[in-house]
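Each chain gets a letter, A, B and C, in the order it is written, and its residues are counted from 1.
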Amino acid sequence: MRELSYAEAIREALRQEMQRDERVFIIGEDVGVYGGAFGVTLGLVEEFGEERVIDTPISELGIAGAITGAALTGMRPVGEIMFMDFTTLAMEQLVNQAAKIRFMFGGKAKVPFVLRTPAGSGTGAAAQHSQSLENWFVHVPGLKVVMPSTPYDAKGLLIASIRDDNPVIFIEHKLLYKVKGPVPEEPYTIPLGTAEVKREGRDLTIIATSIMVQRSLEAAQQLAEEGIEVEVIDPRTLKPLDKEPLIRSVMKTGRVLIVHEACKTGGYGGELAAVIAESEAFDYLDAPIIRLAGRDMPISYNRTLEYHTVPQVENIVQAARDLARGRM
Amino acid sequence: MATSVIMPKLEMDQETATVIQWLKQEGETVTKGEPLLVVETSKITIEIEAPASGILAGVRVGPGDVVPVTEVIAYILQPGEELPAELTPEAEPALPPSPAPAPTPDVTPSPPSVSRPATPVAQRLAAAHGLDLSTIVGTGPGGEITKADVEKALAVSQPPAEAQTEKVRATPAARRIARERGVDLSTIAGSGPRGRVQAADVLAAAAGPAAEVARAEVTVIPLQGMRRTIAERMTASYQTAPHITLTVRVDMGAFEEARAQLNARAEATGQPRISVTALLVKAVAQTLRRHPWLNSTLRDQEIHLLPEININVAVALDDGLIVPVVHGADGKSVAEISAEVRDLVARAREGRLTPADVTGGTFTISNLGPFGIEQFTAIINPPQAAILAVGITRPEPVADEEGRVTVRPVMRMTLSADHRIVDGAVAAHFLTDLREVLENPILLLW
Amino acid sequence: MTLSEAKKRELLRQMYTIRAFEEKAEQLYAMGKIHGTMHLSIGMEASAVGSIAALRPDDLILSTHRGHGHCIAKGADLRLMMAEFMGKETGYCRGRGGSMHIADVEGGNLGANGVVGGGIPIAVGVGLSLKMQKRDQIILCFFGDGAANLGPFHEALNMAAIWKLPVVFVCENNQYAMSFSVKKAFPIERISDRAAAYGMPGVTVDGNDLMAVYEAVSQAVKRARSGEGPTLIENVTYRWRGHSKSDANRYRTREEIEAWKQKCPIKRFRARLIEEGILTEEEADRIEQEAYAAVDAAVAFAETSPEPALETIEEGVYA
């Protein structure tokens, strides 16, 4: 199959949806001629014009409000917040307004928007441009939270998100933008709320999100050479969460390692651990549920400190090995 | 219904037993099957289990009391239940006739009689823990006993939590499999961190022959005393010391001839015969002098080469194994060693070994030849560096260097050595040197 | 409000130092010695130097992501700046902050900021604090044209105005919020017009004219220090370089950039000093050379400085 980068896959999803549905438009800072801070929307303003690829002032709250209002009245906007860190500026509209409107109005309105935003460290952009704040949104009923880990998933999940009738926070990873993978040319959807087993194994289950899926697959490859067969599962959407595949996998392997980049305390790993502990998989656990996550600290500018602040392949290998061999 | 706790009869000819210690206090909640107290008979010391679940009450014997068997020594009551009048101990003639049962229809046990003032909280707390308030000095106004006083007393009187119950560490999966297959988790040594039992441990235990007959009649022998010591020491040794094992075949012709000569002499002079073991001990001790690494011990990241050569000789008992020591074996004559081993074995079987007889060993010999065993591997007796396993001597066809086959008396011996201390080559040199001595006993004179 | 000749020479030196620092920063990035990104203020030096020249040494500033100039003008140690830039333990932020977060708290620089407009509400708090403590200092808050379209800008200006806080708001209008032109982003000619809505003076000056900037900010500082409240100043200028290292300049023309380069604030101030007889060409050249030499020395210091030790990674998260 043809290969596209993660950024190209997202762009193709945007283009195909804009061709298919004229209610879809893009709005954000520097999404037009600049092409977005990471070049994801490059070329779209030329194809669809400034009316459907709208540059905004630096006004994150304004963007959030604009997509909320437009979605409420018949459009299907795709907003972009340049860095996930800046979603903090948009929180009021996202949390108090967009997430709650349908419920407050007795189900008589809907807010079908997508808010795209890149998260994650590894670019040397330090503490205010490197955060992974997905769990802030997971905690808010009314929002859906999507976190693709491959180009294929990025395209299918973005199209599904655009067609979904709810506000969707679509979290991309900066380091994944250049990662390539097979992507079909025709539009397709991956239903929100479907996890995927990315690699099968019998000794240990790794549940990972976003870039940690890629790192976990790399770790699994190394561990296979040691005779440890790791199963890697990507929930793909954090909310709604597809629990069954996770539970089934843990019942098979009895051991689970949860890997995410966001800080450990209050991170999504706690939720995943609780879901497993509360499920019938509990009786199959042959070791404590282990979380490998970012340190509870901001991201450093210094390259070495930045590297050691979030899980890397070698950390995953080590933790998975110890867990699989009954040493944790 | 109140359940009485009696002093059980444990042995056929037993009449009394002595109370050693109560493991539960009066007023404490107990679960059926939980150890309640420790008693001692003329032969054993044993824990008595609670016959029912409830609250321990009416304890009428204490540590040191000698109690006739079958006598009631306490009761287990249900919450809110009183000690029934008809069960009031008759064994206490001094008790005045009570006018009526004390009316305290409470769910918590009634507080013990109070001879000192105490706050209601202190009374309730003391009652809940079966604590006698008269034993507490109050620090409140007017000597009133306060909650803090009771808590202080409880802290002193209660044994540490760890000693009360030994909870088995096991993963949920291990517990589920144990449940499904009827395996008792407490009998399984866990391979996980802090001894946690994991699924594989249970599966291994379940796959063992013991588990297959588990449904049938099982004779259960508690792992205690010597058995427990052996279990713990051997497990520790096998887990911490990486064992290397080497085997050699020894032509015992000259050895047997030498022993025959010595025994002919002994008979002629009316002295005791020389045992095979004595000669082995002598040969090993002498060889160890030239191989100090085999006579060493690993202590805190340091290898200590030991100046004395003290040889343990494994002695099989009906219910276990003991390894008395021949101290300074390299400096003793064969006759001395022979007499000493004989004495040690005899006293071991009679249970009369002293601590000095079993401590200080630096190397162990285990001889299963008398049992017809040809060859076996022994586990190092920690903290020693090595152990020698000796098999039976019997005629075997042997090819000499020219390829001529003759029948010779052959013995196989296997050395297990701690690889942290001793490498293969070092162990091999020791073993071949020892073989040389055994094949040429004249070298014992060297 | 006149500047001494020595002070004027010093201001020229500061502008050259900023230019030298940023050119060196660019070089180091090109050589792969710096990672992450950086935001250069080349072409905007007069805004930083002229504004801060109006302050007393004990006055405070809040800076932006494009803050190297502010930091240098406020008197920072070039060596510690360069060390921070290279992520070294000896840097102002022990290598944790990098270019975008350089702060020199002791020197009165309360920090560059990675978030557009992030410093404006903080200025209100600083002003309030100075007023409550009856400290005779003021806070000068830099931000860009882009930040003036954020909600926090409006909230902060209003609060500073109603409480008459000792704040000077300096908007460095460099024509583009990343790629978004002020012509598209504002329905008004002058950003300083927004001051009227909050009842404070609003002044727009040629941000490439150091003396004009100095005079406008001096007025505002006087007003702030005397308890009359804040002022909004707009320094109209231009950044020669892209927004950050990843900018392809698709949103503007080469001609436009060239035209602004002709309005170089350093050349302009240098010519003025020579014209006023304060400097000779040779003296001006020497000042320039010394500025570049000082930056080279800072690089040498930074390059030989140690990396942060890995065991210290979690230090500094909590007080």
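Note that a residue touches a chain if its C-beta (ideal position, glycine included) is under 8 Å from a C-beta of that chain, and two chains touch if they have at least 3 such contacts.
From a predicted model like this one, the values you see are computed outputs, not experimental measurements.
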Per Cα centroids, the chain farthest from subunit B: C
Of A-B and A-C, whichever chain pair has more C-beta contact pairs: A-C
Chain at the geometric heart of the assembly (C-alpha centres): A
Intercentroid distance (Cα basis), subunit C paired with subunit B, Å: 78
Chain centre separation (subunit A, subunit B; CA means) in Å: 57
Subunit A-subunit C separation of Cα centroids, rounded to whole Å: 36
Subunit B-touching residues of subunit A, taken from the complex the two chains share: 254, 282-287, 326-328
In the complex with subunit A, residue positions of subunit B that touch it: 171-176, 191-193, 198-200
Subunit C-facing residues of subunit A, complex: 29-30, 32-35, 37, 55-62, 85-86, 89, 123-129, 295-298, 300-305, 308-309
Touch list for subunit C against partner subunit A, complex: 35-37, 84, 87-88, 93, 95-101, 113-118, 146-147, 149-152, 177-180, 184-185, 246-248, 250-251, 307-308, 310, 313-314, 317
